[in-house]
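What follows is chain A paired twice: with chain B in the first complex and chain C in the second.
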Partner chain A sequence: MADLVIPSLLETLYMVAFSTIFSLLLGFPLGILLVVTEKENIWEKPKFNQILNSIINVLRSFPFLILMIVIFPLSTLLVGKSIGTTATIVPLSVAAAPFVARVIEGSLKEVDKGVIELSLSMGATTPQIISKVLIPEAMPSIILGVTLTIINIIGYSAMAGAIGGGGLGDLAIRYGHYRRETDVMIASVVIIVIMVQSIQYLGNTLSAKINKK
Partner chain B sequence: MTKRINCIIISSKLNKKNSYQEWWRVRPYETRQPVNNKVPIPASKSIDERGTAASFIERFFLCKILRGDLMIRIQNIYKEFSNGKEKLTAVKNINLNIKQGEIFGIIGLSGAGKSTLIRCINRLEEPTRGQIFIDEVDITNLDKETLRITRKDIGMIFQHFNLLSQKTVYDNIAFSLHLSKMDKNKIKQRVDQLLKYVGLEDKKYSYPATLSGGQKQRVAIARAIANNPKVLLSDEGTSALDPQTTKSILSLLNKIRKELGITIVMITHQMEVVKEICDKAAIMENGEIVETNTVENLFREPKTKTAHKFINSMHTSVEEEIINPDDFKGKIVRLSFLGKTTRKAIVSQVIKVFNIDINILSGNINKLQSRSVGHLILELTGDELEVEKALNYFKNQDVTVEVI
Partner chain C sequence: MKKTKALSLIIVLLISVLAGCSGNSSDENLIRIGVTPEPHSKLVNLIVDDLEKQGITLEIIEFTDYVKPNLALADGEIDANFFQHQPYLDDFAAAEGLDLKTIGTIHVEPMALYLNESTSIEEISQESEIAIPNDTVNGGRALILLESHGLIKLKESAGLEATEKDIVDNPKNLKVTALEAAALPRVLDEIDGAVINGNFALQAGLNPTKDGVIIEGKDSPYANIVVVRSGEENEEKFQKLIKALQSDEVKNFIEENYEGGVVPAF
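Coming up: the complex of A and B.
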């Protein structure tokens, strides 16, 4: 069984790791934009904010399976195929990016308005406020948000397995469900549960450790 | 140089005493734009005709002389908030002149608009109308970028300190220096110097969460003066602190004013703060300034009801309102002394000279920034004429008398 589970685990780790990176790259700036372009914030652009908000809402409300199918052409364009572990990274990243944007938005909004006011009173530029105040002050909360994102992507990646994404989800469905090999099913589920638990634990610990508040 | 300036003053027929107001009247409104963001050109011909670099410098000094080194000039400032249909005027027609090196208090109850006013000074709040000059730069007329740079000259401290919670005391103080992209070694030197100045050397690597309120405000003050600002704004800077800590923070602010010559504007609702360190104070009510005076005169002769209330709020022992003149046979008077008269035995002299009885109902002495102000509430009984004479005697001794 190990020869079945280990490659699938590696596939899952590969998918989750890269999807996390890409979704953060996409979602982090969006999250920042959501906050700073808000009314009465440091880079007020209400129209832009409204449009960005709607786009993110639409993307967020897309059921993941459907999004994946819709995105097949994009996956083909980017990685040359629409099925397989690497190809799945594309819909996973796209699906998780708006989630990341919301998570980051939430974290940044927790930052005390007074601190931003202070930065303004000291003559900080908008980029300086973002990089020296907003992000560092929100860091403990951002780490928890990223943890949440990774766990979400693990869940999505299991689903992606159902349409040829590979990984533990794929294993659980093909062997565990279709071939009724319950032990494989149990093994995959247990591994996923352990993964989620340990990531949550790591995230909580790290966040608490860096939080000086 | 001095001679030439004198000559200019004479030639432009400016009366030196109130030359500052005169000066503005001479110039048409349109020319009130700062030249190179520094000095407005007076309209007087003798100056304008020259138009050389040398005369520019002269103009600069001329302005300084005429204005008596004003650091902040607030002119007709209005701030309106519109919330859909409703329009709220938070600040109405404010005019203030604050001298260089002065500690100026603005006192008022919450909602009086004082916080909005101080935030207009560095344009954290955009004034709807009016002008604010800081060191002769029209703040209200600056574009965003120039404003940002000018703000480095205006330090600010807040009621809730607004420290960066994820940064050490060191990094908090270094914050504004980092923003100015100062050299790392220089930052280190400057921060160490500031830590010493505010007495927090041992807390260099602590995080704000581990500090007491007073220590937090010291960090905030160090951070605010790191860039050597001209002006320090304090928005209820001591309101979250206990009386003991408030005193120590106030004496730190006083030290800053004395040693660094920084002009300080303080917003507060505590008369104790004004009493302790302010030179002048303005009393705000419903968005307007109802009274401006030196703190001594404010304590001695408060003109408005609000001022009375604030001063009385300090007299914890006996509230004036409690004393009802109808309960007493004699005449109830309130005496206010200033400075030297607080040390004279005036009351006993009056008893000796005039044939009246004096009953002391309440009294106190408040130590102000430079002098002390005393209040006494007395009941005078005896012949009406004698009482009248006694009151006149008090008045002649430079005591303010008020019959309640």
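Coming up: the complex of A and C.
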């Protein structure tokens, strides 16, 4: 069974790691933009904010399986292929990026308005407020949000098998569900549970540590 | 006319759903049949009027999954299903301990290998990537098709549920990738070949007999069957159902519309 589970575990780790990186690269700036361009915020752009909001909502509405299929041309453009483990990173990142944007938006909005006003009165520029005030202040919450994102991507990656991406979720579906090999299903699910538990634990610990500072 | 037909169908469906909710599960004039969309649903839709004239209401429930229709049948949520072939039923029923019975064979949807550039299996080059369906039954069926033409050799014990991990001999070092059956026609352009189920090939405009490089024979054991719960196979309503499905009307429809992509098996 190890010869089935280990390659699948590696596929899942590979997909989740890269999708997390790319979705953060895409989603983080979007999340910041969502906050600062809001009405009565430090870089007020209501029209732009509205459009950005709609785009994010549209992307978040796509059922993942459909997103994986409609994104084929983009995958082919970026990685030269639309199927396989590497190609799965494209739809995973695209699906997770708007989620990241919302998570970051939520975290940044938790920052006390008073602190921002204080910085403004001291003459801080918008980029300074974002990098020196908003992000550091929101860091504990951002870390919890990233944790949530990684776990979400693990969940999405269970569907990777539809486009030949493999991974533990695919193993559980194909061997556990279709072939009814219960031991394989249990093994895959247990490993996923352990992964999720460890990531949540790490996220919580890190967030608490920063919060104390 | 079409609209009223559709509307009355919806009403009939709604009523029967409501009737189903009230626990009326073994009505002798109602058949709730679970089908997959193409061509099963189309074929069954052909006989709705015919059965209605005989006093039988046919309620069609579409599934897109191969596990649920048998479980739903065994649980009494539906009365018959029409989506699978005998090897799959045998295997599934044995594994799940279900007591189901085949009451008729209707058609074969031949699975075939489609190649992107090559026109024969001899032309397939080393390390070509061939995609197959990722569900066990169709994946196994695809691998067996490849094996029967000497492209690969499977582990003896692999049986009908072989996966790409059961390949023991691979003279052309083919890279076999399993993915969602419905996605296969879409990726054919970017890989070397794909083994595709008849129904998905048809939906994508591929014709198994014309475009397929290797194809399952008409005598394939994978003929699609209508299945009911054991003990109910002699009920009159099911006899009428099979008679209607094995009628000339259905046969002509298959031959006219699928041009060899679906072959009548009666």
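Keep in mind that, in the parts below, the second predicted complex is superposed on the first by the 210 of 213 C-alpha atoms of A that agree within 3 Å, B and C clash if a C-alpha of one lies under 4 Å from a C-alpha of the other, contacts with A are read in each partner's own complex, and residues count from 1 in each chain.
Keep this in mind: a residue touches a chain if its C-beta (ideal position, glycine included) is under 8 Å from a C-beta of that chain, and two chains touch if they have at least 3 such contacts.
Bear in mind the structure is a predicted one, so any value in this text is a computation, not a measurement.
Asker: Would you mind checking whether chain B and chain C clash or fit side by side on chain A after the superposition?
Answerer: fit
Asker: So, does A:H177 touch the first partner chain B, the second partner chain C, both, or neither?
Answerer: A:H177: touches chain C, not chain B.
Asker: Under the stated touch criterion, which partner chain does A:K209 make contact with: chain B (first), chain C (second), both, or neither?
Answerer: Once the two structures are laid over each other on A, A:K209 reaches no partner at all.
Asker: One more residue to check, A:P136. First (chain B), second (chain C), both or neither?
Answerer: first
Asker: Where does A:S82 make contact in the superposed view: on chain B (first), on chain C (second), on both, or on neither?
Answerer: second
Asker: With the two structures laid over each other on chain A, which partner does A:G123 touch: chain B (first), chain C (second), both, or neither?
Answerer: first
Asker: Is A:G164 contacted by the first partner chain B, the second partner chain C, both or neither?
Answerer: Only chain C is touched by A:G164; chain B is not.
Asker: Going by the contact rule set out at the top, does A:F72 touch chain B (first), chain C (second), both, or neither?
Answerer: The second partner, chain C, only.
Asker: Put simply, what angle do chain B and chain C open at chain A, by C-alpha centres, to the nearest 10°?
Answerer: Result: 150 degrees at the vertex chain A.
Asker: In Å, how small is the closest CA gap from chain B to chain C once the two complexes are overlaid?
Answerer: 48
Asker: So in the complex, which bits of chain A are touching chain C?
Answerer: Chain A residues touching chain C: 3-4, 69, 72, 76, 81-84, 161-164, 170, 174-175, 177-180.
Asker: Taking the complex as given, what residues does chain B use to touch chain A?
Answerer: Answer in residue numbers: 122, 124, 148-152, 154-156, 158, 160, 162-167, 175-176, 178-180, 207-209, 223, 227, 233.
Asker: So in the complex, which bits of chain C are touching chain A?
Answerer: Against chain A, chain C makes touches at 66-67, 95-96, 131, 134-137, 139, 161, 163, 165, 177-180, 183, 186-187, 190-191.
Asker: Within the complex, which stretch of chain A touches chain B?
Answerer: The contact residues of chain A facing chain B are 112, 114-115, 117-125, 128, 132-133, 136-137, 139-140, 210-213.
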